[in-house]
Structures are given as structure tokens and as C-alpha cells.
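These are the structures in question, set out in turn.
Next come two complexes built around chain A: one with chain B, the other with chain C.
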Partner chain A sequence: MDPELLLIILVDGLVYGSYLFMVAVGLTVICGVQKLLNVTHGALYAFGAYLAATLLILYFRLDWPQFGAFAVMLLSALFLGVVFGLIIERGLLRHLYHEDEHIIVLATFAAFLVLEDVLLLIWGTDPYLAPEPLGLLGATEIAGLPFDNYSLSMVLLSAVVAAVLWYGLNRTQFGKLLLAVIYDRELAQAMGINVNRIFLLTFMLGSFLGALGGAYQAPAISVQPGIGVEVIVLAFAVVVIGGMGSIPGALIGSVIVGVARAFAVHQEPALELFVIYMIMAAVLIVRPQGLFAPAKPRTI
Partner chain B sequence: MTWRRDKTLWGLTLGLAALLLLNFVVPDWFTNILTLSLARGSVALGLLVLWRCGLISFGHALYFGFGAYTVGLMSRYLGITDAFLTIACGVVTAGVLAYGLGFLLRQYRGIFFALLNMAFSMILYGVLAKLEELGSTDGISLEATTYLWYAPLGAENKTALFVFAAILTWGVAVLVHLYLRSTLGHMTTAVRENEIRLGYLGYSGERAVHAKYVISGLLGGFGGAVAALTIGHVDPDSMVYWPVSGDFVFIAILSGTGNVVAPFIGALMYELIRTYAFDQFPGIWQLIMGGTLLAIIMFLPNGLWSLVERRRSRGGPGSADRLQAREEEA
Partner chain C sequence: MNAIPRTRFMALAAALAVSLAAGAASAQTVKVAVPTFLTGGGAPTYGVPAKNGVELVVRAINEGTLPAPYDSVGMAGRKVDLVVYDESGGGTKQVTELRNKVQKEGVDVVAGYISSGSCAAIARVAEELQVLTLLSICGTPRIFEELVKEPKYLFRIINHSTGGNVGAAHYVVRKLRGNVKDGYIGINQNYAWGQDAWRDFNLAMQTLSPEFKPARKQQFPKLFSGQYGTEISVLLRAKEKLVHSSFWGGDLEAFIAQGTARGLFERKTFVWPVGEITAHRLGKKFPNGQLARGPYGLYAEGIDTPLNKWFRSEFRKAYKQSPSSPAYHYADSILAAKYAYDTAMKANGGKFPSTDQVIKALEHATFDILAAKVKMSLGKGHQAVTSDRWGYAEWDDAKGEIVVRDVVEFKAECVNPPEGVNAAEWVKGGMKGAKCD
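This part shows the complex of A and B:
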């Protein structure tokens, strides 16, 4: 194959993969610690995109330094993560931890439906556009095609998020507590770890990451109804491919999905979705625990 | 238990009679709602069969969509509009697909089973939404349905389809009920409770799951075919996308697993809430649906059918044991 096309596919794939990683990483953190698949994550992504788009439109009307736009995105994600994390975890999930895992997924699906309509009530059905931050960073030419630096910066952001999470999990006290809860919740509780607090903080962290994914993506897309529905199932695919609860898994999974999708888009566009879910099914068939799930002793 | 004393069979038959009579009283649009609830109820019945062995599928829109698209493609490419033939083909193709995929899926339990189903349904979605030959995102519109030599038009067709679907659904529900009463049917609960012990007793849990999976696939195809004929149009977003699968699980939770009648009551409730919410509060109908689902999960975890059972069990001392015995029979 033409090496220039290959380069373009790789760059495209990395950009799309980092977009997927930003959404999937929050999902996988929640999944790893609380052992639940959280459908509301899609709504958090959508809320992040909407809030950031709205605030960015307002921000650029002021005559403040333009690079403050990035702070706007970060703060809106932080706000959403804390508020929604608190509402969903305390208000809903707290009462359901003893239930069957399927029931919890379904409860988050119900909450997702509710949040989708709340979104429509607040922002209506019109698309929101806030492309100004794209212009701030300019563009780079790769293999004769212009790529805007904003999209490329998403790869950087993903790398930073992955590094910070890795450091936080493996080198800080909170990370050690988290690992203890991941390995054995009851034993951790018996040792005096406040598992309820850990759950709440984890859920807030995960929700923040989901909202950040949406907020950072907002300038690059047209923010409109339905983006949450679309993204959550993709994030599910990535989390399953990488292994539920594994951060390196989510990283590799999103790169695999991103590059495979880029191949499909450039070679045979009709196969775009087919390829993604084919990989998901293949991974579930060959290695259902995911490519990077930690080894576990057999219980039987 | 003899046939004559089986309350479920009586209930199903009375329900069919009531539906057929109701059809003369209610307006046209309501007939459509009834037919659609029969279709969705059938899919939820398939999920009930799986749920009895502790499995939930997040991807049964796969079979629903497969049945619906079989009907749609037959109408578009072969010009076949006969209800007998199209529904039969929808059921058979979905059943064959379930039989094939069943060899894989029967090895999985818990969340992996649910997610693998979801992956397969999204593969179908991806194919349908992108291929122009299969209607792409616009879908396929169907020609008016015919019944052998009988070719009704307009409102008469809706009534004809409803009567046809009601009788077929009755037959399907009776068959599933008889199946659940059989030895193979009772193995559902055994798989859920202790599959290893089941193996030591000389039964194969995997084969039991496979059989149930094929049944749920057939029911999904049936529901999809009936829904396609009712709506007169098939498209990927409203028939194969992942929220559709979520809705089926929603109906199953709303109904409860107590009895084969439950999914149809649940599906009717679902359609009524949805239609009413969409009509009266178009801006917040999803909110109402989600709120209903949350309320059911929180306050009525065994579904609407548990209300029926609770009423039955108020029969004095020892009634709890009788309730349990009845659950095992059903």
C-alpha cells in the first residue's frame, strides 16, 4: 500500500483512538473499581460537550485571553463530574450495589434515558457550534493533507491522562487504597478502608473523564442530540476489547479500534461500524476477559 | 398437572378471546398498539426463557431486526407480501442464525453473554446502516400485506393483521408454556442455580442454554416480522440499534419472569406508557420511560407479575409454600 496513505490512516486512527480513549477510560475506571458497566457515561459525554460548547460561545464573546478556552473546558468537565457523580452515585447506584450486575446496567440505562431528555430540555434540538479553539492551534501538513493541530493535541491529552492515571494508581496513597478495593472489596472494608467514599470518588473521577472527553471534543464536532447514544456503545466496545477495568487495556483497545476504523473509512467506508464490532465480538470469543485483564485464579 | 387445570393455558385463551373482542370496540390506532405489544411481548418472552437460566441478552434487537429485515427484503426484492410466508421466513432465518451463534454463546455466562450478544447486534446494525442495497439508514418500506388470497386495504388490513398476529402469538405462548413445563424447561432454573451439579446429574447445561437461545431467537424473529408488518417499514435505528435491545430488557424487567402471560402484559404497559408519554409530553417521553424503569427496579424488582403472585399468596397459613410450588410448576 501507498506509504503516504498508510501514514494518513495511522494519524487518523490515532486521533480517533484518542477520542475513544478519553471516553472509554472513565468507563473502565468505574468498571474496574465498582464492577459495573455505566451507561450514563454516554450522557456525561454529551453533557460535557453541550456545556463546554455553550460556555465557549459565551467565553469568546468576552475579550479575554483566547487560551482560557482550555480552562473553560476543564472547569465545565470538573463541575459536571462532581455534580453528576454525586447525584448518580449517591442517589441511584448506592441503593443497587447488592443487585444483580444486569439490573445495575439496566438502571444506568434508565438513568441515561432520563438524562438524555434533561439534555434536550436544557439545550433543545438545535446543534451548537464552537469551533474557535480549532483556529487557535493552527494546522500541520502530514503527507500532503492538512491536519488541524487541535485534533492532534487530543493524542497528547490522552497520553497525559493515561500517564496521570497510571501514576495516581500505582504511586499514590489513594491509588493503593483503590487497588485494595479492586482486588477484594470486603477485605478492604474489613481493613478499615471507607469503601463508600472510594466508590463515590471513583465515580466522580470517571464521570469527570467522560465529561472531559465530551468537552474537549466539542469544538471539533457539531454538538447535537444523539452523540451520547453513539459514543457509549463505542466506549463499551473499547472497554470490552481492552479488558473491563484495565487502563492500559483501554489505551490499546482504543488504538486498535481507531486504526481499524481508519483503515475501513479509507478503504471501504461501508465497513466502518462492522469492523469495530467485529473486533469486539472476536475478542469476546477468543479472550472474553479482554486483551489486558489481569490474570485471576480459577474459583472452581 | 393436567391440561384442564392449567390456569396459564386458560388465562392465555381467555386473553386471546378478550383481545379479539376488544378489537371491535377500540379505534384503529389502538389496534396498532395492541399488535405492536404482541410483537414486543414475544421478544420479551424469549428473554424470559433466557432469564430463567440467569442469562440476559443486551442484543436481542439482532433477532428482532433479522426477522423484520427478512420480511422487508422479501417485500422489496421478491415482491412477496403474504403474511404466512413472510412471518414463517422471518422466524426461520432468525432461528437458523440463533442456532449458529448459539454454538458460541452457550459457552458464556453473565455479563460476557450479554455483551457478546450486543456485539453481534451492533455488527448487524453496522451492515444494515451502511449498505445501500439493504436500505441504509432510511430503511425499506413494505408493500401492503396479503393473507393467501385475501388482500385487505387500509383499516381492514390493520384489523386482519391484528387478528392474525393475536392467534399466532397465542400459539407461540402456549408452546413456550408447555416447553417450560417439560424436563428440558425445568433445567433452566437448574442452570441458574448450580450448573456444575447439573453436569454431575448427567445433563448438559450448555445444551440446555443452546436450546433456550434458539427459542429466544425464534421468538425474536417472530416479534420482528410482526412488527415490520405492523409498522409497514423497517429501518436500522428503530429496530436494530442498541437502545432497542435495552427496551426489550426493560419490558422483561417490567413484566417479571413468573409466567408466560407476563411479557405480554408488560409489553402492553410499555406501549401504553410510551404512546401516552409521546402524545402528551413529547419533550420528556424518554424521561418518563426511564423514570418508570427506575421505579420498577427500585420498588417492584420482580415486575408486574409479582403483584399477581402477591395477591394469590394472601391465602392463609402455608401460602408461601404454595406460592413457591406454583412458581416451580409454572
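This part shows the complex of A and C:
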């Protein structure tokens, strides 16, 4: 195969994979620590996109430095992560941790539907467009094709998020507490770890990451009703491939899905969706827990 | 106290009964249900403008303020009771909604539907429920060619998708030969509309100018996928300069944002069969290119009929924007219903007509819609044909809006198959019987 085409497929795949990773990583963090499949994550993505798009539209009406737009996106995601993390974890999930996991999934699904309607109440049905940041970083030519640097920057952002999360989990005291909770919630509690606080902070972090995914995507898409549903399905596929609760799994899963999809679009477009779910099905057959699922402790 | 004489009492009672009956009759309405996307991806660009168009026209019908020939109050003298509801949720939900509207709420007419999927789902059910149903937008030609071959209650008041895409091919061959000498490529959403649109355009191109070849592989991304970076790379690498894309709504807006950042529209010329609606929204950010679907929206700007002038002016007053094509399509369906009811009443000696009489009035009819004349000439008199307009869109700094230039109008008989001929077979067979002169 033409090496230039291979390079283009790799770049396209990494860009698409980084978009998936930004959503899937928050989902997998919550899944790993709290052992729950959080369907509200799609709504967090949508809220992130809506709030960022709205604030960006307002921001670009002011005569302020254009690169401040990136701070706008970050702060809007931070705000949503804290507020929604607090409301959903304290208001809903805390009362359900003792319930069967299927009940929790259904509860988060119900919350997702409510949040989708809240979106409509706040922003209505009109799409929001805030494409200005797309042009701020210019373009780079790779293998003869122009790529916008904004999309390429998402690859960098994903790498930074993955590195920070890995460092935070493996090299900090908070990370060690998290790992203790992940391995055995009851034992961690018996050792004096405030599991409720860990759960709240984890959920806020996961929500922030979901909202950040939406906020950073906002300039590249038409922000409109339904975007949360589209993204959550693909994010679930990535989490299943990588292994529930595994951050390296989410990263590798996103790259595998992104590159496989790019290969299909370039070579056999009809297989674009098929390849994603074929990989998922293959992983489920060969390694049902996912490629990088964290090791489970042996229980006595 | 004097007793009222018996004969006088009977006369008073009879007068009271007559006046009560008359009152009851005048209070009767024509109940029209209008399904349109009020939520979801189709709402902002299609559903809401469509609802606005309907509400504006129904208000005017009830007040009797529409220009001639629709200047009488109501439909066959009865005011219109409008029930707008959400088309979101898929075909199964729409079938349930339709049954509820007809069987529980007793609607007389259903006028609407945007998605080809909705139309395909409800087509047979509308016939089974025996409710007059006027399809407003959904483009698939399969409704009367495959699903309901002997229609009675089902009508469509717009060209099916073949007309727009055959018109596109005519325009390319006539005006854009230089852009298509290296062939052409397609990027269309992967569902009925996207597949049909590409098929019709491609077959029409092969009929009109077989020397222009399509690319070996076409792109069909998932509907509402929103991410087109890889597809844009494929288009940028392709040698073909001309791109056919029937994208619409948020997908089209996202595609334009991502394509603009990568200089796609400086390298390729796009043919957008339903880009008109997005051009309305994006204004200056809409890349220059073709866009079309008949004499609606931007393409109706210069059409100087009293109905069109009234609609554009009142729409701007009511909604502070010019009407896009969905507003036209939905308003046109209501006008079709009014035409049928009024005509049937005349034929019925001034009495309110039955549904069968209304249907008879609409079958094979020719009547005015806002900016064109409709002929119900296909599908045994149930499928409309209209002319189709194509042109080059560009931003006009002086006017501060998108304008269309080099507009060519193709006659209805040029871009639609003759009665009784399957659209795909007609295009494949060289579009025999087309009258384009």
C-alpha cells in the first residue's frame, strides 16, 4: 500500500480515536472505581458541547484575545463536572449503590433522558455553531493533505489526559486510595478510607472528562439535540474493547477503533461501522473482560 | 299567566332547534394533524421551520387573509383545528401516533412528514385508516412505486427525490462541464434518502453524459455521525473535482465546518440537493456551490406571485427570517388540502364535502401552491410534480445574504418520469419521454 496513504489513515485514525477517547475515558474512570455503567455520560458530553458553544459565541463577540477560547472550553467543562457530578452522585447514585447494578444502569438511563429534556428546555431545538476556534491554530500539510491543527491538537490533548490520569492513579496518594477502592470497596472502608468522598470526586472527574470531550468538540460540530446519544454508543464500544475501568484500555481501544474505521473509510467505505462492532464482537468472544481489564483480586 | 298557544310553541321550538343545529355546524372544524420533527436532529433545520410555515398559513386560512385563490375563510367554510405533533422516535412510533390521531382524536386530514422512513412506515396504515394524508417532504419515490400502488387516501405534494437529483445532473452537464471532466464522487448519508439521491444523480449523469465517470468508491457515513475528518481526507485525495452530497441539517453544518478548516471547498465543487436550508442558517459561512430543490426557499425569492409575496413578507414579519424550503413544503400541503376541500364543496353544490369527494377533487388536479403550480400527475393522480430550479449559491455583500445565480428552471416533465414508470428504471433506461425543451 502507498506509504502516504498509510500515514493519512494513521492520522485520520488518531484524530477519530482521540475524539472517542475523550468521551470513553470519563466513562471508564467511573466504571472502574464505582463499578457502574454511567449512561448520563452522553448527556454530560452534550451539556459540555452546548455550554461551550454558547459561551464561545458570546466570547467571540467581545474583543478579547482569541486564544482565550480554549480557557472558555476548559472552564465550562470544569463547571459542569463539578455541578453535575455533585448533583448526580449525591442526588441519585448515592442512594443506589446497595442496589443491583442493573437498577443503577436503568437509573442513569432515566437521568440521561431527563437531562436530554433539560437540554431542550435550556437551549431549545436550534443548533449552535461556534467554529471560530477551528481556524485559530491553522493547518498542517501531512502527506500532501491539509489537516487542521485544531483536530490534531485533540490527539495531543488525549495524550495529556491519559498521561495525567496514569500519573495521578499510579504516582499520587489519591491514586493509591482510588486503587484500594477499586480492588475492594469494603476493605478500603474498613481501613479508614472515605469511600463516599472518593466516589464523589471520581464521579466529578469522570463528568468533567465527558463535558471536556463535548466542549472540545463543539467548534467542529453542529451542537444540536441528540449528539449525546450518538457518542455514548461508540464510547461504550471503546470501553468494552479496552476493558471496563482500564484507562490504558480506553486509550488503546480508541486507537484501534479509530485506525480500523479510517482504514475502512479509505479502502472499503461500506464497512465503516461494521469494523467497529466486528472488533467489539471479536474481543467479547476471545476476551470478554476486554483487552486491558484490570486484574481482579482473588476472593476467599 | 297566559299559556303559549300550542302552534306558536311548536314554531318556537323548531326555530330553536334549527338555530342550535346551525350553531353546531358552524362550530365544526376540519381537524388537521401535522407531524413534524419537534425534537432531535431534524427539528432545528426542518421541523421547526415547517411548523412555523403551517401555523402561519392556517392562521391566515382561518382569518380569510390569504391572497386569491385561497382567500375564503377556512376549508370548505370550516375553520382549521391544527394539531402539531412530534415526528421523532422512528417508524413504529409514528404508526402508533397516526392511529391515535385518527381513531382517538378523530382528525380529518394528516399533512406532514419529513423523513422518508416515517412516510414509508405510515403509508399503508394511512390507507387502512382511510384518512386523507398529504405527505409534505419525504423524498423516496418508493411510496407510490412499491408501497401503495393503488392509493386512495395518500398523496404527496412535492416532487419525489428523483426530480431534484435528475435536475442536478442536467445542471452539471449544462453549466459545470469543466468541473466534472475528471469525474465525480459522492458523499451521502447512509439511509434511504442518501442512497436514493446518489443513485438518481449517478444514473442521470450516466444517461446524460456517460463520458463523465463516477469514482470507484463512494462515501456513505452513518446518519448524524457528526465526524467527517476521514471522509474529508478521502475527498481531498480523490482526483474528482465535483462532489455530490445530499447531506442536510446538523450533518451538513458539521461537514462544512470541518471541510472549511481543511480547505475542501477551495478544491472541490459541491452539488447539494438540499443545501438550501443550511445556506439560510450559515449565510456567509456557507461555501459557494450549487443548492436546490425546486421553487422554494432561496429559489422562490424572485417569484412574483401574490401568494409567494404574501408568504415571504408575513413569514419575515412573524419569525424575523426568510422562509426556508421546509416552511414552503408544509405550507403547500395545507394549501393543497384547502384547494381540495373548497373545490369539492363547489362540486357538491356548496355543501360540506365527504372525504371521498375531497379525494376526487385532488386526484389529477392542477393547482397553485405558494411559488409554483402543482400537477398531481404521477402515482395515479396522487404524486405531484413541479418544476425544479438549480443555481449557483454565493454570498452577496450588498444584500447581506446568500443569493442564487445562473438559475436554470427545469420543467416538471423534464426531471420526472412519465406516469406509470418506475423512477429508477426510467433513469436507468435513459429517461425516455423527458420533455426538456
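Things worth noting here:
The definition used in the following text is that the second predicted complex is superposed on the first by the 296 of 300 C-alpha atoms of A that agree within 3 Å, B and C clash if a C-alpha of one lies under 4 Å from a C-alpha of the other, contacts with A are read in each partner's own complex, and residues count from 1 in each chain.
Quick note on the criterion: contacts are C-beta pairs under 8 Å (C-beta built on N, C-alpha and C of every residue); 3 or more make two chains touch, one makes a residue touch a chain.
Since this is a predicted model, take the numbers as computed values, not measurements.
After superposition onto chain A, the partners chain B and chain C occupy overlapping space and clash. Of the two partner chains placed by superposition, only chain C is touched by A:Val265; chain B is not. Looking at the shared chain after the overlay, A:Phe109 reaches chain B, while chain C stays out of its contact range. Of the two partner chains, chain B is the only one that A:Val240 touches; chain C does not reach it.
In the superposed pair of complexes, A:Ile276 makes contact with chain B only, with no contact to chain C.
Within the superposed three-chain model, A:Ile285 lies in touch with chain B and out of touch with chain C [touch as defined at top].
In the superposed pair of complexes, A:Leu120 makes contact with chain B and with chain C alike.
In the superposition on chain A, A:His95 makes contact with chain B only, not with chain C. The superposed model built on chain A shows that, among 43-51, 97-105, 169-177 or 313-321, the segment of chain C colliding with chain B is 97-105.
Note: residues 120, 269-270, 272-273 of chain A belong to the chain B contact set and to the chain C contact set alike, using the contact criterion stated above.
Residues 38-41, 43-45, 47-48, 217-222, 224-227, 229-231, 233-234, 236-237, 249-251, 253-254, 257-258, 260-263, 281-282, 285 of chain C are the ones touching chain A in the complex.
Taken together, the chain B residues at the contact with chain A in this complex read 56, 58, 104, 108, 110-112, 114-116, 118-120, 122-123, 125-127, 129-131, 196, 241-243, 246, 249-250, 253, 283-287, 289-291, 293-294, 297-298, 301. Partner chain B is touched in their complex by these residues of chain A: 37, 92, 95-96, 99, 101-103, 105-107, 109-118, 120-121, 229, 233, 236-237, 240, 244, 269-278, 280-281, 284-285, 288, 300. Across the complex, chain A meets chain C through its residues 5, 8, 11-13, 15-16, 19, 120, 125-127, 129, 131, 134-135, 139, 145-148, 150-151, 219-222, 224-227, 230, 261-262, 265-266, 268-270, 272-273.
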